[in-house]
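Note that the chains are named A, B, C and D in the order they appear, and that numbering of residues resets to 1 at the start of each chain.
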Amino acid sequence: MNFNSPFALPFSIGCVVMFAVIAYKYVRWLYIMPDSDKRQIKANIFSRRTWQAVGECVTESLLHRRIFRVNPVLGYMHMSLAFGWFLLIATGFVETVAYMGWTPVPLRGHVFFKYYSREMPHTEMWQMVFTQVMDALLLFVLSGVALAWCKRVYSKMMGMRRTTRHVWGDRIALTALWCIFPARLLAESTTAALWHNGGFLTGTVGSLLASSLSVEALLRMENAVWLFYALALGVFFCAMPFSRYMHIFTEVPLIFLRRWGVTSDDRPKSFDHFQLEACSRCGICIDPCQLQRDAGINNVQGVYFLRDRRYNMLSAEVADTCLMCGRCSERCPVGLDINKLRQNSRYSLHNSPSFRRYDYLRGVDSSVGSGKVGYFAGCMTLLSPRIMLAMEKIFDSAGEQVWWADRNGGVCCGRPLKLAGEIDAAREMMRQNTALFVKHGITTLVTSCPICLKVFREDYNLPGIEILHHSEYIARLLDEGRLKVKCNQTEYTYHDPCELGRGCGVYEPPRQVIQSVGQLLEPEETRNHALCCGSSIANTTISDGAQLRIAESLGRSLEATGAQSIVTACPLCKKAVKRGTKLPVYDLAEVVADNLTAQSPQSE
Amino acid sequence: MIDFGFGVNTARAINMDTNDLDTAREIFDRLPDLQTCIACGSCTATCTAGAITSFNFRKVHTLVRRGEYGEAYAEMSKCMLCGKCRLVCPRGINTRGVVMLIKKKLGDY
Amino acid sequence: MKVTVIGGGVAGIQTALALKGLGLKPVIIEKEDTLGGKLRGWHKLFPTMTPVGEVLEPLLRELREQNIPIMASTEVLGIETDGVITSHGKVESRATVVCSGFDLFDATLKEEYGYGIYDNVITSADLERMMNNGKVALVDGTQPRRIAFLHCVGSRDEKVQQRHCSKVCCVTGVKQAIEMRRWFPQSEIYNFYMDIRMFGSGYEEMYRSAQQEHGIQFIRGRISEAAPVPGGKVQIKAEDTLIGRPLKMTVDMLILLIGMTAGCSNSHWAECAGLEQSDSHFMRPLNVFEGNVRSALPNVFYAGTVTAPKTIGESLNEANAVAFRVAEYLKGL
Amino acid sequence: MQKRHSWKEFQKEIADDHYFYVRSCIRQNFFPGSEQAFLNIMRNDLGKDVFEDPRHTSCTGIGYHSDIVPLETIMTVVARQFALMTEAGYENLTSSCITSFGIYTEILETWREFPETLERTRESLYKATGRTFEIPKNVSHNSDVIFHNREQIAAQAKLKLVNALTGEPLRVVEHIGCHYAKIFPSKGIGGSEFPYVLAGMIESWGGEVVDYPERRHCCGFGFRNYLVQANRGYSVANSRKKFESMAPYKPDFIVCNCPGCTMFLDKWQYTLAEMEGATYGADNRGIPVLTYEEMAGLVLGYDPWALGMQMHQVDVEPLLDKMGVDYDPSSKYLGKKGKFIGAPSKAAVNSSTADKYYRIKR
């Protein structure tokens, strides 16, 4: 069979460009990977994790299970395009093999098989089946394309209030993509019209064409539409490695690398490229973003941040304007660690080696008391003396000997600097605090600030010291019977602090504690989907007004539960939420301290 | 040049005619809230770093606004970015943003 | 019953209207040939930027409609129990309300600021006049690029025997700075102040918007001296007291926010009627509480800035209050 | 632009004739020609009686302001000067020095406020020297006397403070000296804010006074600041502040009231040129600094070298040329009887073409 028809040339060029660029990128990224990551891959490549990765590739890259969870129609749209196209290629390959046997067929032979096989008889039963199956698959994909068109016009249909605003490169690729399958339908239908074959779709459209056009016209048209089809494919392939469609392939290595234990880090590294280019710019991250929802900031969301960083046009403003609440990552269908990437972008933008910057910290120790349990209030708690007093009451009641690390002022935990990208400076604070904790010989470190908690757990090396948030600590005291509280009928609602919930995965202990003193009412968006208070320490750019609007929006959602008071477990959240609601706002410790029963047993 | 055994003292006056005010202008174009400072000193009073060292946020940003950039970068670098000042500011100034911006704009100084 | 109202500024006009409303027969004696007082020289009023006409015109219209007799270009020579002696003869009346107002501080007394010596040093009153004339510019007709306002000129200053705070200059400075920003969007505007006293409703908000939206820079420190530099500019020196270092800058235009001083006729009232002046030379009311519009004499009353610096709204309030007190007094006779 | 007139509110009485003359330590060393010029002008041009007693001493003001001479001592020294005056039968003291003028004024005020100090001083002086004294009727500074006679000088003027080529008035920076009127404003013509003693001379003789922002600023002498070497940077910095402020007005020369100011405004220009490479006059040279006697002398047609103007650090020739003074450049460094008195090395602040800037060997 002669596969040298000129119309296929754009397709062939596109294929060469696409595969060459992708191969270059992947090889380069793997080559520059740090040795630690390479060792990680070697250690895990022959393990169960590889098979889990294969499974994830099927469920996510092809079936888009996670998007189905966001919205079924949106899920179907993505699945029909991805899985449908995959099946078209796979079935087309099998069909070619069935027709031609195991002879070497160029790629274009598979893709344009309907054209090359137009003179072959299609009479056998299995041939008819192939034709019908291929038509069905084409219809499947076309249904996805139609939904994509609808989404552009009316995105709410798929549960998205906002869709991504695309750059020009993406628009070219998108236009080409939208043309591919209608072009294929038209091309195959024209051939079917001329040769009187085709399945239920192409055959029907073909006979419609045959009835309205002369044979000569059809003959002229046939070459043109196949060329159009090949052009659409060629343009798409050329644009693909440079556009958002790079995610089609990149998601696969990403899944494998991630399963093998490779992650992004505080400082940028090679793996970041896989994350950046695996973003499909679906825009699912836009809706959960409260900066968009309440503060009207529209150019900083995950999708725009990743895009800007990928194309080296990331501005400090985009990198810095984010609450890092993590709500977007919770919804991301590709599971990208957007916060980590943003933080290491900030590192590139802001980190300045510290040298003697924090010399003044050396030897600072204004701690008081002594005990195996250390309490680190954190800067923000120092501005909320009620929390301090409540903790004191709780410690007293439980008979705990406590070393107060920073009751008279201390050194910041370092997380704010780390979140701002100033890793080296943050390390200075960490060194200072670590030395302080070790010096006083504590075995348990309790903090009431989730910001501190996260950095203690993530970045501090404190062997032999158990790090607890006060919610966990209080829950434990209650469990052990060292604290006795009276339960009343007060209805509380709980606001999950970002750093505590999504940040440290502590969802249950605060709830247990609240339920031991009263009733708990959950707001609509809660746990890993909980709203941010807006005053996040990770943000250095938004105005006071924007913070207030976010807090008010959160306040409304908490008030909607009908609860009498709001409880949270973060001093910063407490202050922020207070600005957005008329309900009383308490820290968890206050609620417990207020409900302690006098005769609580002293632990022996 | 001859060494007479003494140097000429530099003028202490803030000279608004010769100071380069462009950087200052860029800073409050980005964060106009900074202009609303009424010098109450809450930020400095609550400052975590200020409790340990002589860092005075109010004074440093006022100097920067007058085009006095010397030392400003080094001084601002003492900030731990903990954010207490932002919570106490009666004018709602994004103090942490001011710190980051001043460090960014004056990194070369 | 006849009541004499001395002075035809806002306080005097409103006093006359209020007296008329209570069924009395006021007569206004004004030394100038037109009514309206200082208000006629202003452009827009703080903090709402209300054009002066919107306040003054209705008052004058009402005065005409009520047919209240007005003796213009008439000097008051003496106040007696049964009337007022004027340059045009005696006016019989049972009570007298003194609404003779204040004088603007003479900025030439603060010679170190160069008012009347350097071309582009003007007062806040000059600026109002310029704005009323629709042309604000330097003497050579060009636009100022750097403008400084100096608060407390002739207020809180022992050196010129003005110990009191003139109350309205702070907010006037803020108002005029905003107006200058509108005239010259590209200019740099600095306000040098000792304290910013934003006591009235909406003043603080105006101050904040001047800082935030209009980019007016406020420097805490009093200008000590001004000196001319080539090109018609003025170099000013002050201390930035928040930093604790001296500061100097060259400005194209220096605007002195002049304060209110006691009216020049006050000493005349003291002499001819035996009324009392306070240390600041404003007339001393009976007391500053329920007797704040009464004098030590039962038939002589005060309203407006004759007793202390006041805003227009406060003067209008006192005018209404004094009418009530006068009616009360006359009823008791 | 309006002129300031408030100086007229600050007037003082200046004796008309019969002066007892006391000299200045600094001027005798650095500008000896000026003191001689004063005597010549007074005696020869104005026909006044000026008496000088060679036994009179330093007022010890420099020591007093440097905390070396105690108040009682300086009072007694001053009392001795008055005693010499009393003995000579004079009542009007005129001082060549601003510091001395300030000292005399301050001590007279002290005696007036605290009469017991006067009595103690009379006692001390009598014990030490056997002399007695009367309080002078009038104390003036030499510049007050010249100011007093400025119109007569103007009437006798051979030259005016005018650019001979263009006819434009010369632009003159005047510097009063802190101790002239800042201690007792009423004792200075025009007071401390708007001193007029030099400005009056300049205006009468055809020049134009430059009103520049740092006009009232101290020259930086400050006694202790200069006397301790390590502190001199503070002294220079004050002069520099003035130079930077006046330079934009392109003054033709500076005229000073006070010996210290004349010296420092003149010599610090050299120092600044050497330390910082900064010059403030035309053509990257210095600004000539004159005493008021030199200014009066030039107006009256005196020979600049007879006035002692070769003693200046900043060369005065550009000013002489501008004014159209007839002088012999070659005799600059020739003293009496044509004897060479030595010439300084060339420096950046000098106007004569120098082959190269010189280096002082340390």
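By our rule, a contact is a pair of C-beta atoms (placed from the backbone, for glycine too) under 8 Å apart; a residue touches a chain by one contact, two chains touch by 3 or more.
On a predicted model such as this, the values are computed, not experimentally measured, just so you know.
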Closest chain to the protein's overall Cα mean, using per-chain Cα means, please. B
CA centroids of chain A and chain D: separation to the nearest Å works out as 82
Taking each chain's centre as the mean of its CA atoms, how far is chain B from chain C in angstrom? 39
What whole-Å value do you get for the distance between chain A and chain B if each is reduced to the mean of its CA atoms? 38
Return the distance between the CA-based centres of chain B and chain D, expressed in whole Å. 45
Per-residue multi-chain contacts in chain C, two or more chains: 235, 237, 248
Two or more other chains in contact with one residue: find those residues in chain A. none
In chain B, residues with contacts to at least two other chains: 33
Pairs of chains found to touch, sorted by chain label: A-B, B-C, B-D, C-D
So, in the complex, the side of chain B touching chain A is made of residues 33, 46, 48-49, 51-53, 74, 77-78, 80-84, 87-88, 92-94, 96-97, 99-100, 103-104, 107
Which positions of chain D touch chain B when the two form their complex? 229-234, 236-237, 240-241, 271-272, 274-277, 359-360, 362
Partner chain D, residues of chain C touching it in the complex: 111-112, 116-119, 225, 227-230, 235, 237, 248
In the complex, chain C residues that touch chain B: 188, 196, 208, 211-213, 215-217, 219-220, 235, 237, 240, 242-243, 245-250
Mind pulling up the chain D residues that touch chain C in the complex? 1-4, 6, 193-194, 211-216, 248-249
